[in-house]
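Here is the structure we will look at, set down as structure tokens.
Each chain carries a letter (A, B, C and D) given by its place in the written order, and its residues are counted from 1.
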Amino acid sequence: MAQATRLKDHACLIVHGPDQPGIVAAVSALITRNNGNIVSLDQYSSDPKGGDYFQRVVFHRPDFNAAVADIEADLAATLEPYGMQWQLTDQATPKRMAVLASTSDHCLLDLLWRHRRGELPVTIPMVISNHTNVVADVRSFGIPFFHVHSQGPDKSEAEARILELLAGNVDFVVLARYMQIISEDFLDKLDVPVINIHHSFLPAFIGAAPYRKAHERGVKLIGATSHYVTKDLDEGPIIEQDVTRVNHAMTAADLQARGAYVERAVLSRAVQWHAEDRVIRHGNHTIVFD
Amino acid sequence: MAQATRLKDHACLIVHGPDQPGIVAAVSALITRNNGNIVSLDQYSSDPKGGDYFQRVVFHRPDFNAAVADIEADLAATLEPYGMQWQLTDQATPKRMAVLASTSDHCLLDLLWRHRRGELPVTIPMVISNHTNVVADVRSFGIPFFHVHSQGPDKSEAEARILELLAGNVDFVVLARYMQIISEDFLDKLDVPVINIHHSFLPAFIGAAPYRKAHERGVKLIGATSHYVTKDLDEGPIIEQDVTRVNHAMTAADLQARGAYVERAVLSRAVQWHAEDRVIRHGNHTIVFD
Amino acid sequence: MAQATRLKDHACLIVHGPDQPGIVAAVSALITRNNGNIVSLDQYSSDPKGGDYFQRVVFHRPDFNAAVADIEADLAATLEPYGMQWQLTDQATPKRMAVLASTSDHCLLDLLWRHRRGELPVTIPMVISNHTNVVADVRSFGIPFFHVHSQGPDKSEAEARILELLAGNVDFVVLARYMQIISEDFLDKLDVPVINIHHSFLPAFIGAAPYRKAHERGVKLIGATSHYVTKDLDEGPIIEQDVTRVNHAMTAADLQARGAYVERAVLSRAVQWHAEDRVIRHGNHTIVFD
Amino acid sequence: MAQATRLKDHACLIVHGPDQPGIVAAVSALITRNNGNIVSLDQYSSDPKGGDYFQRVVFHRPDFNAAVADIEADLAATLEPYGMQWQLTDQATPKRMAVLASTSDHCLLDLLWRHRRGELPVTIPMVISNHTNVVADVRSFGIPFFHVHSQGPDKSEAEARILELLAGNVDFVVLARYMQIISEDFLDKLDVPVINIHHSFLPAFIGAAPYRKAHERGVKLIGATSHYVTKDLDEGPIIEQDVTRVNHAMTAADLQARGAYVERAVLSRAVQWHAEDRVIRHGNHTIVFD
């Protein structure tokens, strides 16, 4: 993969915690003394006095794999006094992304396409759906497909089966118009980030059937929102949003067809930013260094 | 005024009611036999079978003033069998628009500017505010300003005073960031359309302090909504909406400053469309023939 | 196909020519006396005095097929004195759309998808490409694929082969990122509308490599334009345009990946509007009754 | 002014030059050893290998005024070996902005308004116009107005008079729909940045009458572009752009009225970013750390 080659010996360091003097200098001195060269650095403080500090640094370090243990030890020693959290990832290793889908195929297939074109820095170990209509499409991309039946009010068996498939195999999960509500227990056990695409401009039209609700309310724009999934339905940290114009003559079905383009574009950006470690979660917000 | 001259002998006819065969033909034949020439015609049916019908026709009729009584009689006779409602307005007569404001001046002054430039087909008989900070600005445009004090929980005295000023003098009222809740009783007595600008993308962030709420929710776009005022706060028929992009580094105050441009653009379009009889209310929706 | 059923006995009438009094009345009376019921009517005059007149009417007429000859005769007789052009199409008969593509697949596959979902009121008799990379994808949709080799400066043989395939089989052609310049002779012989998607906000960045040019110029938005193809490269009548935001950190390749979403959305709207007879060409402009 | 107080003892440091290892560390160590605390840091490299490096750092340093000479000496000594350029500005000192205007008042008055509201971190020592229609408006804001007559093909006398007024009195100049072409000689002598607002989405519709050209070309969006003025008309580095939707029914005058809102919003953002030292020029590009 061209991108992996291009990003050989590149690492991404995320640092966040309570803001305090000297932290940028400490981090950049650390990278320099470990023979790294900073390729890009983004930083944000919610408030320089007593606020929160967020930093994303991409640096190039020849023979990174050999050095990673030393760098991590240095990070632990250096950042502990500041009380900062950090995460170091090898940019040459794409994240493993599973996709969960239902009958709608547009968001799912768009991700598979982009992946095939080499635009998304991920691997896709599997697609899971509670329906079977997309099985041929998914497998034509050379990607494993698993059908997990989910019917009736008790989702625990389906969730257990999905967890079994995902456990240890993925770094994050994308709900590409997956029309099942996910339990808090599932999220806890899964323990990797889950990204959803909601077909409205949240917080407008939370819950089911947002295009129908948008039509009923007579809005002049419709939108889509990609967010991290939390136990509170449609309330998780927003990663990206966008809208498109509609008019009085459009039916709810027209809104849905028009909105599909927004959903795909919004989800695509959110997934790419997450895959590139550009999104930092903070409370119910995101810091996006795009 | 150039526009009045340009629109001399032009009339706007709005027709709406239950859809049924032959209604377009009946209306256009009526205009033809009354020596009118159709300049523009927009039509929309919510459903051709048993739906609602909406039509806006602008026509030119030499010596319109002399003919208006005959045309109205013909309209009554022609449309009665169809059970249609209609409204005929002389395009050369600008509507009378009052503006209610509070301390924020950006929406108010934008309307006064556009009016001074001849872009808004209205007259502005007065501006009313519960504050006095804009009095000099307003009067510098040659427009009467009235201060109506409004404090404490009981708004009835203030509303009575405002009604006294408006009664018979205006065709519609614009709330240009007027920060007082208006009573149902006031709306009933006023009995002309009232247009509001809300500083969020409704139905997101209904109620007070929408920029603060948008900041707390971490949205990636902020918006503004212009709507007709009804007794249900922020729930009236939406005329126009738009959004602008924001990011995590912006404070609530930044959102407010950025949003002010969207508020003005959205309110300006809504007011222009209303003034040009391009908006038809239907239930809690609008049909906008822009 | 659900749409064909839904649009049974619906016809679309396009009328355009020199504006003059009574034309709306004449057309709507004609529909009424032929037992049609107007479902929607859009009209536009470039200037009511001496301008051009454009009208789109969709009407329902039970047993339309039996009546079409009579209606056409009536149209000819009625509109001849006005010097108007007209076109009557059966809405239940989808247009036949051929797609020409090269190596880029995103616009092509998006059209095939939308067609499979029943969102595009067309049939797709064939896809033609000067490359073979998309053959499996196209045939997986059950759509015929033809490879027409085109290399070297002389395109006449390739164009002749394409014409042979298209002649009589299609109602319009879509260039879905087809990277060959089309000759005036080809357009003349083809004699059906050809729709292109250009990957810039025309007239900015006419010609080849628009994303590279946009990057070099340092623009803050990139766009896409769908237009009818004429003998003048990238100069034909514009049907639809849209843009998306970019920033200084993006490479030309990033612009291309981001722009692909705009290209698809813009082409999709343009194709749908054309397929629904919502676009009228006038000189180098379009009237779009969306 | 609240902002000046808020930004007391805050400095903005811009660094740019050839990218090389250790530069971030060197700059942040410098700030730390001078008792500064980094409030925000943005960085961009056009290419980590042999590319260009751009950095903006805002830091807080108690008693900054007493320390500025030492910090500047340290910067010179530290950055000289790297061959980097730098610029240090006191954030508590607003830049002095002159505005040049002609008959159009919307961009001019919008800047004056924003300034009056305390939203723009600038002082406005003067407005200069080649017309007199805005004199009363400008002076009502308490801002000096100078009329400089400019007629006929020879602009040298007018330019000399304007230079006389501006020399030494301003940090940058905004052309708020100033309809005179500015000579290269004028720019050389003025020697401060000049920001223009062009009423099209550049590079589309370069030169005069862009709304008329946009109308003739039949575009579906119109835009505005704010850029630094160079000797090449409408070819300078772009700071910000935006667009708004239009349709076939709008006249060139309608586009102009609609476009005025985009012009103001775009110019406002460009001026604010420049005033806050968020824009770095590089060749014919800008790096905007917004």
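Assume a contact is a pair of C-beta atoms (placed from the backbone, for glycine too) under 8 Å apart; a residue touches a chain by one contact, two chains touch by 3 or more.
Small disclaimer: the values here were computed from a predicted structure and weren't measured.
Taking the definition of touch as given, a chain qualifies here only if it contacts subunit C and subunit D alike; those chains are A, B.
Between A-B and B-D, more C-beta contact pairs are found at A-B. Relative orientation of subunit A with respect to subunit D corresponds to a rotation of 180°, obtained by superposing CA atoms and rounded to a multiple of 5. Repeated interface: C-D and one of A-B, A-D or B-C share more than half of their contact pairs by residue number, and that pair is A-B.
Using CA-based centroids throughout, the chain positioned farthest away from subunit B is A. Spacing of subunit B relative to subunit D, judged by their CA centroids, is 37 angstrom.
Subunit A and subunit B have Cα centroids separated by 42 Å. Contact of a single residue of subunit A with at least two other chains is seen at positions 40, 44, 247, 249. Considering their complex, residues 44, 201-205, 217-221, 223, 237-243, 247-249, 284-288 of subunit A touch subunit B.
Across the complex, subunit B is touched by residues 20-25, 28-29, 31-32, 37-45, 48, 60, 245 of subunit C.
Considering their complex, residues 40, 105-106, 109, 113-114, 119, 136-137, 140, 244, 247, 249, 257, 261, 264-265, 268, 290 of subunit C touch subunit A.
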